[in-house]
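So that you can tell them apart, the chains are marked A, B, C and D in the order they are listed, and the count of residues begins at 1 in each.
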Amino acid sequence: MLNVSPRTRAYETLPGLNPLGIPAVAPLPSGESPDTARIVERFGTALLAAGLHNGQQVVYVAPGQLVALAEFVRQDPQLCYEALIDVSAVDRSELPVSDQRFHTIYQLRSYARKQHLTVVCPLADSGRPSVPTLAGVFAGATWPEREVWDLMGIRFTGHPDPRRILMPESWPNHPLQKQVPVGGEEVPFTLTWSDPEFESFGKQVLAAESKPPVLPPGMSRENMIINMGPHHPSTHGVLRLVVELDGETVVNVDPDLGYLHSGFEKTGENKRYKDFVYYTDRMDYLSAMSNNMGYCLTVEKLLGIAVPARGQVLRVLMAELQRLASHLFWLSTHVLDVSGTGMALLMYATRERERILDLFEMACGARLTVGYMRVGGVSRDLPPAFLGHLDGFLRAMAERIDDYERMLTHGPLWEERLRGVGHVSREQAINLGLTGPMLRGSGVDWDLRRDAPYGGYEQYDFKVPVFSEGDCYARYLLRMEEMRQSLRIIRQAVDRLPDGPFRVEDRKITPPPRAELDISMEALIHHFKLMTEGFQAPPGMVYHGIESSKGELGFFVYSDGSAKPYRLHVRGPSFNNLFAISNMSKGAMLSDIVTNIGSIDIVLGEVDR
Amino acid sequence: MDWLNLIVIPVVRSLVLIFVLLTGFAYLTWYERKLLARFHVRYGPNRAGPKGLLQPVADAVKALFKEEIIPGHVDKVVYLLAPALALAPALLIWAVIPLGKDFPAVADVPIGFLWILAVAGIESYGVILAGWSSNNNYSLLGALRSSAQMISYELPLGLFLISILLLAGDFSLVNLAEAPRQWWEWIWLWIMFPLFFICVLAETNRSPFDLPETENELIAGFQTEYGGIKFALFFMAEYINMITTSAIMATLFFGGYALPFGIGSEILPWLGPFILFGKVVVLLFLFIWVRASIGRPRYDQLMHFSWKTLLPISLAYMVITALLTVFLKA
Amino acid sequence: MGLEEKLPEGILTTQLETLVNWSRENSTWPLLFGLACCAIEMIATGSARHDISRYGSELFRASPRQADLMIVSGRVSNKMAPVIKRLHDQMSEPKWVIAMGICASAGGPFNNYAIVQGVDKIIPVDVYVPGCPPRPESLLYALDRLRAKQGKETFRTYVDFKAPPLSKQPDEISSLESLRRPQLA
Amino acid sequence: MAIREFLKGATEIGKAMGVTLKALAEQPVTTEYPRDPVPLYPRFRGKHELRRYENGMERCIGCMLCEAACPTGAIYVEAAENDPQHPTSPGERYATVYEVNLLRCIFCGDCEEACPTEAIVLGHDFAMANYNRRDFILTKAELLNPGEPNVVIRPE
């Protein structure tokens, strides 16, 4: 097979990078933004570097100062970074640097001041890389740090729960380390069928492996222990919850993830930038458009390109349709969980969702995994009949939402099941790093579409619903209102849809139109280059979050200048939101766990990635 | 010819009744699937036979020819006994339900009413034993829920029945169905019908009170470890219970086999069973309609509703009925 | 198996076979079991628009003891593989498996360390469905193919099955079938 | 008070039952799939097809761009020089082997986007289920002769 994109890294041709490796940040001690200046003022030369990088505030800090820094930025009234959004790590062993193999990277958020801060912590080289845990400062760090330990092999000293989280306990390595191979097998074609290696495909039947279950820490066999999942109708996929029950009252819940771990991040490191768009579809498979958009915006930020107006509006239009579809699916599964299989609303909501999927099929040629957006715009313009169909749908939809509300909102059984269940207070929500409806349902007025606008969202007029009750009923009302607001945004997008190109005209990033191929040699060369090598991104790192239907969907790309991301990390909203399940469910009834899972609105593809 | 009246005729009647009931069960599943499908704006089964009419046959034959698994960790005797124990009471109740003027019940015992209450009480044993013998946490939880639920709802149900008894003044269902009633009696009865229906839903484990077998929480509740024909028996018990309770409700509230205002019952007495059948079908529609429209309560809320709302109401209802009976009827 | 082991051979058996196969075709209850993207399309197949209930298959059973058909809908991770194997073991015969989507069939785009490259490495698969994810109609078509297969099965010889001529002739399903169905003496 | 709430609950339940009753009167939205044709939109991406020119020449020139563009490595192409007397394709080269592994393909459409001669297209056939893993490798013969004659799809 043709070796598509050889692993030549751009640093081989780019001399004189900052010795710290990538990215280069401003030297001490000035700092560049008020926030980094404030941090430099406090920590001085104890910091390694601080400044702006790709428009983001970045602070480099040694492991010894990490906890102090975290506490400082959290408590300092001028900074007030109250939430830890994400933790990730980079293995730099394939970069031309000799020291500090691992960096851990923290994304912090200030809701009050609408600021974002990236903290990078280079670890000392040793056989067992370790860094102090931030779980004591931000409770939301617990799971992301477990994930880093599991996939990258970095120990967090003092971590309250240092188990693996995604891979099986017995897994031999930490898969995201660079020396670990991607794995998988050769794709068979007819000439390889006779190969004895391929002969065995599809004929290996293993014996069932049955191991005695391991009791999670903090549970006792005095009470009844039940295993919900990984095969359970209402865990929305393959989540496993070990539940300790006293009668029907929940004493303890321990989620066990990883049953759908598909190695997205490792795969992303071995695919060209354009190829990974299709993988993002399959991550949160209920909102493929939002995922596409988040990923493309991140790469565009790295490349420093701006999408033409029509492309932007098309993206917003599709993303909001997707939010609607995702919320409709949430509604139907939530109703299914709470009310049982016979409930007709389940079918009504999926019926309307089918119409959205039809619209997607019209525009993109696929129903679910659309792959519509591209770095630099969208893949195709709208087909002629699209807007007419959309209009019909929008008209019908507004009435349908009223119908749903008529069946549920004031229904005594529905209210009883949801009111006061799964309560999350404002402080908890921030501290646990929850995002999206989980955050807004607890009274934090934060929506990335409004507060950190991307993709042209600042031009739309919409309301961000906020409820302060923090229970499942508040989140239900919130999502219903979000559906209405999405309808509003879609109408505005249709009204303002400008003419013009739908993707950037830069031939280095988007392929030339087909008509040019026959007449222009240059276009043909660009086409060939793009299809074989893809495009190179400048070295550096970038984090970008968007408001997907489930919360903040963040992509972190660490580029070494080649055509593939050196490290790609995804901050799945469901992953962080699901962390709240044990807090929400303790002391509640067994049925409430089901309600809570539905109310968090998880998608396992995104939780496990 | 005593033995003929005592043994042969009841046996024949029972056999006919059981046959009718089993067919009724089979077509109730078809009815439910089709009707639910229409509530869901889809078609429902239509591959097996015209309009899917042979669907129940396919289900039955398939279940019959499934491999019978008895899991290693169960209590075998009880595990096998439980489905039978669940099904038997559902059939037994029919012994006392009057079908028509010329088609009296298998046994028109003077204490038909008590028979129903007594036999319905056995029902929960099948469920409890199934849950316990399965040796599975989900089954156990399902069984516990089921027993608590049945006991809680039997109380208001019993009190409502007593009120009806007070109005009718007779234990025999035949007399009950035929007893002439005044207009205010009917209205008073029908006021109570929705509450009675709620109790019946809980008693038959039907949605929205299907907590013992909630798929979304307990996999399949007490039936989790049952497959093949054993599972079919539980299925059968549930659906025959639906038919049974519908027939009882039709008898108690809607005049059983008689047409309203006494039309036609003298002219066409053989219509009785068909009229009853029609009423049962309408009531079954109600079951399915409720299933399509209303969500489930939580388990503790179900209990609260029974003890804190239904029980006081049924007590008050009984007292008022007693007073009404004394002052208006006497 | 159930009753059929005890039946004598003859015309009656053939008739009975036809009846039993017909009933199995029309009453295949799937296991309520979703993995990834394909699970969403599987749910869509059950929804009003596509309506799997027309085949009598809308009774998705959550308990493997009551299910006849396992639709492996999505990628199977290494952590999930033993669970799927176990669920398949818990289903009672006769049981069928549809590998829905390319991840379940062959690993699909996830050619990496985490995903089992085809669920047929763990359990025998009757019908593979390409598509990522397959349209609901694609799954319905697979169900049709499965029905064709069910209709050809016999009590005695599950082994000699040849697919009916639909779009192309499959190879003789030999080794896979013999692994699953014990040959009767 | 309690009674009022009770009645309010009852009316809400009544409303919910009204919605379902309204639906009972509606016509089902189901598409009877095998009997009725499935509504497909022109851009739908299904089974692959290789196209020819009107004179019967193959469009594929064996450039392997599709193989390079495929995100999952599901396409395999081997090219050879055309015989000048009996050319298979109008170009210098043609594909001797052209195979698609359907069980690795994610139907993303990158191959048709990459193809400079619009030789490979994703058709509308979605009924691809089969019994054996080996049947999912589409060879060149199958790709060139799909069930229905080559349709011109999507020269966008």
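In this section, contacts are C-beta pairs under 8 Å (C-beta built on N, C-alpha and C of every residue); 3 or more make two chains touch, one makes a residue touch a chain.
Quantities reported herein were computed from a predicted structural model and do not represent experimental measurements.
Compared with chain D, the chain whose C-alpha mean position is the greatest distance off is B.
Counting C-beta pairs in contact across C-D and across A-C gives the higher total for A-C. Annotation: 23 Å between the Cα-based centres of chain C and chain D. Between chain A and chain C, the centres computed from C-alpha atoms are 34 Å apart.
Distance between chain centres (mean CA atoms), chain A to chain D: 28 Å. Separating the CA-averaged centres of chain A and chain B is a span of 50 Å. Among all residues of chain D, those that touch two or more other chains are 13, 16, 19-20, 23, 28-30, 32, 71-73, 101, 104, 106-107, 133-134.
Residues of chain A found to touch two or more other chains are 187, 201-202, 232-233, 278-279, 341, 344, 347-348, 351, 369, 407-408, 411, 413.
For chain B, the set of residues touching two or more other chains reads 37, 39-43, 215, 219, 292-294. On the side of chain D, the complex with chain A involves touching residues 8-9, 12-13, 15-16, 18-20, 23, 29, 39-45, 64-65, 67-69, 71-74, 76, 97, 99, 101, 104, 106-110, 113-114, 116, 118, 122, 133-134, 137, 139, 155-156. Those residues of chain C that touch chain D in the shared complex are 48-51, 54, 98, 102, 105-109, 111, 118, 120, 126-132, 134-135, 137-138, 140-142, 144-145, 149, 163, 167-168, 170-171, 173.
Chain contact summary for the complex, chain C toward chain B: residues 1-4, 19-20, 22-27, 32, 47-49, 51, 53-56, 58, 61-63, 65-66, 68, 92-94.
By the touch criterion given at the top, residues 28-34, 38, 71-73, 101-107, 126-136, 147 of chain D touch chain C in their complex.
Across the interface of their complex, chain B is touched by residues 224-226, 232-234, 245, 248, 335-344, 346-348, 351, 407-408, 411, 413-414, 416-417, 589-592, 594 of chain A.
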